[in-house]
Amino acid sequence: MSETILKVENVTMQFGGVVAVDNLNLEINKGEIVALIGPNGAGKTTAFNVVTGVYQPTNGAVWFQGEKIIENHPQGKMKSQYKGQHAGEYAHVLAPTPDKVTRLGMARTFQNIRLWKSQTVFDNVLIAKHCRTTSNVFSATFRLNRKEEAAQRANVQELLETVGLADVKDELATSLPYGKQRRLEIARALAAEPQLLLLDEPAAGMNPQETEELTAFIGDIRDRFHLTVFLIEHHMNLVMNISERIYVLDFGKTIAHGTPAEIQSNKRVIDAYLGVTEDA
Amino acid sequence: MKKQNQNLVFLAVLLVVILGASIAVDAALPSYHIAIKVIKKATVYALVAVSMNLLNGFTGLFSLGQAGFMLLGAFSYGVLTIPVDKRAGVYQYFDGGAIKFSLPEVFAGFLGDSLGSVVGMLAALLVGGLLAALMAWLIGLPVLRLKSDYLAIATLGFAEILRAFFQWNALGPITNGSNLLKSYPDFAHATSYIILAGALVALILLLINSTYGRAFKAIRDDEVAAEAMGINLAKHKRMAFIISSFFAGVGGGMLAMYNGTIAAASFKSTMTYEILLIVVIGGIGSISGSIIASFLYIFSSEWLLRGLDSGVFLGIEAPGVFKNGFRMAVFSVIIMVIVLFFRKGLMGDKELPDLLRLRSRRKEAPSK
Amino acid sequence: MGQLLPYLINGVSVGGQYALIAIGYTLVYGILRLINFAHGDVFMVAGLVMVYATSAMPMYLALPLVLVITVLLGFTIERVAYKPLRTAPRMSVMISAIGVSYLIQNLAFYFTGGIPQPVTTPIPWISENISLLGASTKRVTLVTPVLTILLVLVLVYLINHTRMGMAMRAAAKDFETAQLMGIKINSVISMTFVIGSFLAAVGSMLYFTNYPSVGITSGGMPGLKAFVAAVFGGIGSIPGAVVGAFIIGLCEEVIKGLGYTTFSDAFTFALLIVVLCVKPTGLFGEKVTDKV
Amino acid sequence: MKKVFAMLLALALTLSLAACGGGSGSSGSGDAQTGGDSGSGSNPVVKIGVFEPQTGDNGAGGKQEILGMQYANYVQPTVDIGGTTYDVQLEIVDNRTTAENGPSAAAELMNRDVSVVLGSYGSGVSSAGGSVFAEAGVPAIGVTCTNPQVTSDCDVYFRICFTDPFQGPALASYAYDGLGVTTAYTLAMLGSDYDQGLVYYFKEAFEALGGTVISDDFPEGSANFVSYINKATSSGAGVIFAPVSTNYAQLIIEAAGAQGYEGSLLGSDTWDNNMVAQSTIGKDVSVEVTTFYQEGGNESFDSGIKEWINSNADAKTNNGGNDEVSAVTAMGYDAYFTALEALKAAGSTDASAVLEALPSISYEGVCGLIEFDEIGDAKRDQAYIKRANTETGTWDFVKVQGVE
């Protein structure tokens, strides 16, 4: 049994009267590739947003590398409106901003690509290195950090070569074809030097061949950078091929988890995907 | 690396040309010549426009507090540099004011007259910048959490509040209340202005091309992504705000220097708008654009287009049309055309060297 | 207290004028999320037109003319300066608004020669002096709040009970969906500007009845303050704008009454900053969450 | 492609600007507005700079001041300097009222090679221009800028009007001795150095005489002065001193009339404007002002300028659409002739010669005798007090006031 890197504990996210994530519990071990699947609107991205600090959960906690990094309990108006479970079990508030979570060692990509439009491919990756910069604004302005800057640039160059984007490094990020933009987003996340990589639908909009390449790519970077990968995906081929474990979400609730084989034969999962709720 | 070298060479050549030109102008023309006055004013506006661009163009924070920070810088400069023996006259209603020293004189005491007063003047400018930065730090805490247009209106309001304070008679012994500050020293040569403002703009350039500058641009392009990539939004926004305000403060001090008089009443929101429009004309996100636009704007409004107001322009005599206010009317129409049809302004987000490179790349293209 | 009474009366009147301008801001912001910086200048132009019209023709022609011209101006501004930027970043539109404000001021400057135009023929009846609780004031002071509230009631009725009103509410709620549902978004937006300008024109007539001349910067401060009122009340909300305007009008005058004239303008802006920081949605505003 | 186009546009703009800039620079006379037809065409030309606001808050006042100069130029278009007859040409530059536009406007005048400068209406912008005139060594004659700072720290600035340290006390002694008032209420606009300065001197003098002063400020853009009037009434002030611009003057008169204020309203030179006088029609108020000149003081000047204004549509517009002669117009007229005297005395069109000649000039103008003291201020020890006639809306002469 390897050590747990991420633990989501009793997390509930409620917007007004709508419970988007209902008592989510999951654990991811170091080095694993874990997928989070479920029909549209099941709360997958919301779960990602909670883990990365974009949303503050209504109740519950998130542990990262053995440390509790996020915790909340219903407050104010929410106290009376709260519909989830485990009310009253949490008393503290820990609400780091997303950048802090990233610096702790978690980096993500977005469902709808969010690259920095006016920047080149190289700069997109380089900027992600900023969170690892040790120089302050004065030494950076007066170029007293040459060494660090040079190291970062070399590092980015290497990273771009690894992901196969070195030949387009001076192009504007937005001028790349879609598949490469996805790849660039991953490279950018890698530049932040994470232990845990969160990918939000990395294969969205890709054709089968591109998906296949991506599948190999994810496995490849996991090994190369000693990462743990947590991903949301609809392409079942990709999910089944690379995930070691899968969590299935429907209407905010975990309806199943297990190995790909287990999930494929799980009746509730099949119902959720094929049932009347499909397009809800 | 090649690109950087090219930029360096280009900048060096540009610098030498500009400096040579300004020294030549200074030598050829008397200090009261309009060309020198206009160069001075344009240089100051260039600095202020660039500082606003750092915030609005590079960090994507739409702040309209520029006039307020300039006010702080202007007053600091005036208050700290008025010669002691002239204070009784300037602070005629406040018994010579509360401050009984003058930085240029203090420094002249141990650095000699000419060097000392220059150091004193620079120190006063620096104090102005630092005060503006301090104020930015204070109001940045609450205000920077606001989203785009709320931020704009809050900073605008802040500038108005500041103006009220400076007109308050209770602070009169320092600010001279509603009355003018004057009789403080000025650099006689346009070259001094160009060197000073040029050095400050160069600092901004260095900052923008540093890792922090890249982080600012990331925030501008996509705040959510920037935050997800570990950039602390609050810290970096505040940093940009403080730095921009520092330069606005120094710019305000230089404007005071140029004007020869300081009155709080002139630092109204109109001034901020004017600077914003300069930034827009030059291109939001382009340092060289802001500089070029400042020179174009100040040269034409203060000098070249005066004919539009006084009946004769380009040899055409039409006193009925070319009367007072026509110049500014024409100007605002041009600005609207730029805002609506050339939204990127003169330079877009490109700098001068970029344009040169673009051309050379285009030449190479067919052979590729 | 007796000392403060004239200030209070005045405050209510000023508040009413702010309210009429504030509605223009709040309606436009509700739909376009745009601070229409030019609104204060539209208000000023209405004043100028009134000065010229009332001295050139009888009152019953002049006043409708002021309304028509102001409404046309508001409509034109939207079509020329904001419509082409519908898909542009918000900052561009705001800059365009500032540009329009600059343009209107400079054009007004050109036509008036930069000299405040005296109000030579004030609107009769409302410009007469009356005495109220021992203090003398112009009738307009009393008329303003009453007229403001009447107009607001009419406006709220229109918004809640007509097709156009419904379309406006829909557009304010969700611009894109409203568009998809077949609402002619451009006519809705134009309507918003028409209503806003109409009210600004009415406010302008009342305001400049109290004032001997119209200068080219006369619109700036009332405009900004009305905007603060709109934010204070919760931008997008009409009752909010009205309540906010009256509160600000009263506060301002009371501060003057207490002898802190220096800070009567500053107070308004301080209030703005405090409100924005503490409760950015204002008194009656709805919370908007950004999607990631 | 768009970029290239934008650059071309910029380039074209720059070039066209440069072109017309060169044009206006070399043919400065082309820009000039000359006041009427100058005598014989072949005479050499001497240029007098006019540094006045034509736009901005003081635009109206500046234009009226220019009128006086233009009329004077019309009356006396030539001057004999050292035996040669020169045509006098007015070079008018708009300083836009504000201090930040002062230096470049002043520099523009220097560019046009003027021998002496007249102006400006408004002390702030005069101070701003003063430093440029000093650098260039060109003398300037302040017409109606009353702040002592204009001349005190500027060697080339002279002035033909009285100053605030005179005007304030003059009004104070008029109020205390002339009207027999012991409590005064002052009202000034925030941010206006003119208002605040006069109030300061008034207060100082009035308190020295043994009176009490209650002071109040109002923010820019105030519309309703009822509450201020009430405050004055309740504090028992027998006089309200409000050295404010004409706009606010009318509002204050309005409010005082409505509240039935029983004391006097005292105004400074800015109040001397026919609009202010007209606003008193039918009101039960007593409005008194100090001024430089009293219409009717010089019959031939009055009738001459009226005729000229009436025959010149532009002039009439600039005078606010009527032919009432403002004090600033008369002062502008005097300033022009003072400048001519200086040119004659200098015997040269050289600015430095004029500067040397100015201190010893003595000229009897329509507004009285003009002589300068060692600072460059006019030796003036009297102001005219006028009272608004509430029936006709004109000014009636009251007395000549000095400081006791």
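The chains carry the letters A, B, C and D, assigned in the order they are written, with residues numbered from 1 in each.
Simple rule for what comes next: a contact is a pair of C-beta atoms (placed from the backbone, for glycine too) under 8 Å apart; a residue touches a chain by one contact, two chains touch by 3 or more.
All of these numbers come straight from a predicted model, not from anything done at the bench.
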Taking a step as a move to a touching chain, how many steps at least join chain A to chain B? 1
Going by average Cα coordinates, which chain is farthest removed from chain B? A
By number of C-beta pairs in contact, which two chains lead? B-D
Round to the nearest whole Å and give the separation of the Cα centres of chain A and chain C. 47
In whole angstrom, the CA-centroid distance of chain B from chain C equals 32
Report the inter-chain centroid distance for chain C and chain D in whole angstrom, where each centroid is the mean of the CA atoms. 36
Please list all residues of chain B that touch 2 or more other chains. 164, 167, 169, 224, 324-325
Going by residue number, chain D touches two or more other chains at 54-55, 59, 190, 217, 220
Hunt down the residues of chain A that sit against at least two other chains at once, touch-wise. 54
Within their complex, state which residues of chain D touch chain B. 2-3, 6-7, 9-10, 13-14, 17-21, 23-24, 30-33, 54-55, 59, 92-94, 98-104, 106-108, 110-111, 123-124, 127-128, 130-133, 135-136, 148-149, 152-153, 190-193, 195-197, 200, 217, 220, 314
Residue numbers on chain B that touch chain A, as the complex places them: 203, 206-207, 210-212, 214-215, 217-218, 220-222, 224-234, 239, 243, 285, 349
Residues on chain A engaged by chain B in the complex (per definition of touch): 52, 54, 97-100, 102-103, 107-108, 110, 114-119, 123, 126-133, 135, 137, 140-143, 145, 149, 152, 188-189, 191-192
Listed in rising order, chain C residues that touch chain D in their complex are 3, 6-7, 10, 13-14, 109, 113-116, 118, 129, 135-138, 207, 210-213, 215, 218, 221-222, 253, 256-257, 259, 261-262, 264-265
What does chain D use to touch chain C in their complex? 54-57, 59-60, 63, 190, 216-221, 223-224, 226-227, 230-231, 234, 247, 250-251, 254, 258-260, 275, 279, 317, 320
